[in-house]
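For reference, the structure I am asking about is given below.
Chains: A, B, C and D, in written order; residue numbering restarts at 1 for each.
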Amino acid sequence: MSSDRVQAPFGRRAAAVVDRAEYGPYVVLAVTDEEGPEPEAGQFYMLTAAERWGGGEGERPFLPRAFSVLRAIDGELQFLFHDVGPGTRRLCELQPGEELLIVGPLGIPFAPPREGRRLLLVGGGVGIAPLAILQDQHLAETVLLGFRDAEHAEAAALLTHARVATDDGSAGHGGVVIDLLAQELHLDAHREVYACGPPAMLEAVRQLCAEYEVPAQLALESGMACGFGACFGCVVHTRDGLIRLCVDGPVLDAGRLESVIGVGATAGAGRLTRPPIGRAWMASGGQA
Amino acid sequence: MSSDRVQAPFGRRAAAVVDRAEYGPYVVLAVTDEEGPEPEAGQFYMLTAAERWGGGEGERPFLPRAFSVLRAIDGELQFLFHDVGPGTRRLCELQPGEELLIVGPLGIPFAPPREGRRLLLVGGGVGIAPLAILQDQHLAETVLLGFRDAEHAEAAALLTHARVATDDGSAGHGGVVIDLLAQELHLDAHREVYACGPPAMLEAVRQLCAEYEVPAQLALESGMACGFGACFGCVVHTRDGLIRLCVDGPVLDAGRLESVIGVGATAGAGRLTRPPIGRAWMASGGQA
Amino acid sequence: MSLRFCGIELAHPIINASGTFDAIAARRAFGDELLEHFPFAAFVSKTVTVKPRQGNPPPRLWELPGGMMNSIGLPNKGLAGYVEHDLPELARLPVPLIVNVMGFSRDEVGELVRAFAEHDEVAALELNVSCPNVETGLIMGADPRETAALLEHVRGLTSKPLIVKLTPNASDPAAVARAAESAGADAVSLINTLRGMALDPRSGEPWLGGVSGGVSGPAVRAVALAQVHAVSAAVDIAVVGMGGVGSGADARDLMLAGADLVAVGTESFRDPTAGSRVAAELSELFSEPAGDVRRDS
Amino acid sequence: MSLRFCGIELAHPIINASGTFDAIAARRAFGDELLEHFPFAAFVSKTVTVKPRQGNPPPRLWELPGGMMNSIGLPNKGLAGYVEHDLPELARLPVPLIVNVMGFSRDEVGELVRAFAEHDEVAALELNVSCPNVETGLIMGADPRETAALLEHVRGLTSKPLIVKLTPNASDPAAVARAAESAGADAVSLINTLRGMALDPRSGEPWLGGVSGGVSGPAVRAVALAQVHAVSAAVDIAVVGMGGVGSGADARDLMLAGADLVAVGTESFRDPTAGSRVAAELSELFSEPAGDVRRDS
């Protein structure tokens, strides 16, 4: 069967942590993976710490977590983590000598640019991860990265000749990375944009690219339980209806989306049917 | 209200680990407890590690665990742990600087000896814990301790002039501690026996003391969820029916027991009603 | 400010779950401090039956990932023993007393309700209906008709508030709650424990002396929230929500789903003053700007 | 040695739980290795309905201590789409195929059963009865009479084995199982997910697009064990046990409680080859001397 992706070995395998580095608030782990194939940029892995992650004693984190591959060199994989909850916290605290359990590479990677267009990479926050391996695998001279502040922007060192924007102006351009994108597209629109970052950033990229009629490939996120199409949990809204982001993404052509905002959540879908009786104490503001 | 015990402050309080020592396979932790009253020998505390113990992320261990106080000096409490499962494992790995949450002292302590009898302490394995503080609080010249082997017997150093028996003869008397008890009672039966250890040992103590008509106080164990009488989970069989070991024990007069074996478990109480149909695969020994 | 629940004045919305706090034993363990810092706005006593019960043989406890299972089996002194020994002590607690009762027939429940009707120190009765009616073989709280028939039988026997404690092991707890409401219940409380079982890893036989047991704690929190939501939407009477509450945030979730009061059960085993802590955390949450609690309210 | 389940030859007693493994998607992710090391002794496909369904709006997942909750909402291509696109691919799997179907009326279930009756590549049908019968308003699998009426309606339409997938959200699953047995079911499978709910910690509104969801994983293991035990004791037909199985020991517990086969669900999300691992661990456990497994057998 021919395939639209590098396929994963079937099963979960151990990968020893061989290096750990910090870039501002972000952590990069390098793990050995001799067995696995070389992933393509935009693919991801489902990761679990071998110890203290669900299993026999059943704590949360329980499900594996999805992470883009940051870099893959000589049987070594690198991942970039931002601590936002119990799973990323556990991964951030791992030290060399400890182990991950990994499944992957998974998902559809970035596609080569169309019509001889030059690559333009746009990343925000931890969303820069898939752009590093993209830059390793394809010639990409223009790299635009947005961060909250100078401390977060330390992670820009993971890519080469990146132009940086920070929200507070403490490093690079003071403002959003979209400002830089607008400048670039204004200079030369024969580009293909590859973007990953928070939904608001991706939506701005989508709108701007639509305006300039520039094709854009967006690496999206949604909550995932399995990563290989088993649970139907990771669906996102597209113009063709709901699709499983893990097997039909995570990279999607911007043209397939109505909007990136709320792509994996449906405004007002889950509403409490307001219970009928007055809740005196809540209404009072709850003074005890 | 007059009380048969030193009462606990109401609530759970933090106690910092200030020292950790190993005695063979056992771990002794010392924690500071300025707030709490001085416990009496035989009382216990419900312990929880402040981190990675149930709570928000809900792993097992989830419930607190009961531990006899080993020693109490100047606002410092000591506990003795034997790793037998997730709770004790977690406690054994705590290091100075980390914290316990404690509730206690709880339960009815050992009573002073009757009729001017001399104390005779008999302990087995981790059951030596309440005897150390008993020896600190009362004159007790005769201390008999049983262990599996010489390595376990290192914990005998926690009491003074203890006579030791080991199952494999690698230290002290080769045989069970009951051999030593028989010798002592044979020499002088004007004793009161204070014992703590595994059920088989306690039952042998009970029978021997009954034979010699020597009063014995046994510190028992049973699975506990709360330690303060709230759950009714810790009941043991006595001649007067089921009692809650946490509030009506853990120290019980031997005379109140029919037998120590199965005191907290009822032989055959929980039986599978054999399902009606043959389970072919199980019956075959399960070759796949 | 205080709050009214079935006409009873309460200092805050956190009470204990029946069978998870024994104020008399706790007084022996903690002394008078218990009374000075009583953690609950009302005290719910453990289930009382007409005749004394020893309860189930041990072992009675099993720990689960994020929870526990018990097969306590409702040990209690029986109606006469409770009225003689426990009631006078419980009447001295600094908070209103709610007595939880269970009978194995409608007449037994009637006898219990009638007996407590005359005791002024009892503010309300909670009916534990998680047991079979020996006359019909049906769990009194799992079938709407059974529940309605029970309420009709006992409603006339007291003017005290009657709280029906629903079982989660039912096809449609909201229908049972509606039946209880129509037949005159003043409130419903839920959830009781979920039926579960564990095997001894060594012998392969059931661990619990009672063979099966009841699951409680964080492991049942999501189930409790769903049932409280469904029941609150179905009835107009007051709702006491419980199941896995360990924090103010958990209590708030149950209140957002429709509960008027919240009961703390298993968490008291981990932290004897959990009731006070949950009440304080809850109060904190509700004094934040409303926007933090609900997107639009 | 192999084993027979409803006349179907299986290599070992571990199959997948419906809706927790998509063999077609897994083949895209893992390639032919999936077929060479297929982890289950039979493949149970996700629920098929008469008409295509999009499923519930996202978010559809919530993680719990020791488990998860989903509100997937049974997305599927519908009967015609399944038969045209999926069935030919699934027929090429190296193991027998069990198709799980659900209808919103007895006629719909009948239509599905009749349609698959003619496909030789389908070894058995599993009837998902965790949904309301739109004609009676009752959950088909929560009421014994509903279940019996459904089975009577469809039993004559096929000679293939019919497995009734029981819902745990029922007052008396054993009574439902008995009703299914009397009306001609060849096996029952249980448990489906427990109804639960979670609120978004930020907005206080339900997290799941479907408002409530189904709890699965280790958090439901004790409940599954109790229900499998109760059901196995009540029926003579075969029982497929599931709910929180993550290891051979968990599978063994369900078999000791009466299950003939065991299905692995949520654990496959954590470990795609969990089925093979559980089967190997189980085989290991049963090849130990019997005394280690049961005190007396």
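Here is the rule we go by: a contact is a pair of C-beta atoms (placed from the backbone, for glycine too) under 8 Å apart; a residue touches a chain by one contact, two chains touch by 3 or more.
Everything numeric in this text was worked out from a predicted model, so none of it was measured.
Chemist: Moving only from a chain to one it touches, give the least number of moves from subunit A to subunit D.
Modeler: 1
Chemist: State the pair with the higher C-beta contact count; candidates are B-D and B-C.
Modeler: Higher contact count goes to B-C.
Chemist: Relative to subunit D, which chain has the most distant C-alpha mean position?
Modeler: That would be chain B.
Chemist: Provide the C-alpha centroid distance between subunit A and subunit C, rounded to the nearest whole angstrom.
Modeler: The separation of the two C-alpha centroids amounts to 45 Å.
Chemist: Mind checking the centre-to-centre distance between subunit B and subunit C? Centres are C-alpha means, answer in whole Å.
Modeler: 33
Chemist: Where the centres are mean C-alpha positions, what is the separation of subunit A from subunit B, in Å?
Modeler: 52
Chemist: For subunit A, jot down the residues that touch at least 2 other chains.
Modeler: Subunit A, residues with two or more chain partners: 57-60, 272.
Chemist: What parts of subunit C, by residue number, touch at least two of the other chains?
Modeler: Expected reply: 64-67, 204-205, 218-219, 229, 256-257.
Chemist: Show which residues of subunit A lie in contact with subunit C when the two form their complex.
Modeler: Those residues of subunit A that touch subunit C are 57-59, 272-273, 275-277, 279-282, 284-288.
Chemist: Of all residues in subunit C, which touch subunit D in the complex?
Modeler: Within the complex, subunit C touches subunit D at residues 62, 64-67, 69, 139, 142-143, 169-172, 194-199, 201-205, 212-213, 215, 218-219, 221-223, 225-227, 229-230, 249, 252-253, 256-257, 292-295.
Chemist: For a test of understanding, state which residues of subunit C touch subunit B in their complex under the given definition.
Modeler: Per the stated touch rule, the residues are 19-22, 24-34, 37, 46, 54-61, 63-68, 70, 72, 75, 200, 204-211, 217-219, 246-247, 266, 268-273.
Chemist: Under the touch definition given earlier, write down the residues of subunit D that touch subunit B in their complex.
Modeler: Touch residues, subunit D against subunit B: 1, 3-4, 11-13, 64-66, 229, 232-233, 235-239, 255-258, 260, 279-280, 282-283, 285-287.
Chemist: Using the touch rule from the top, collect the residues of subunit A that touch subunit D in their complex.
Modeler: Per the touch definition, subunit A meets subunit D at residues 1, 3-5, 7-12, 48, 54-56, 58-64, 101, 103, 106, 222-237, 241-242, 244, 247, 264-266, 269-272.
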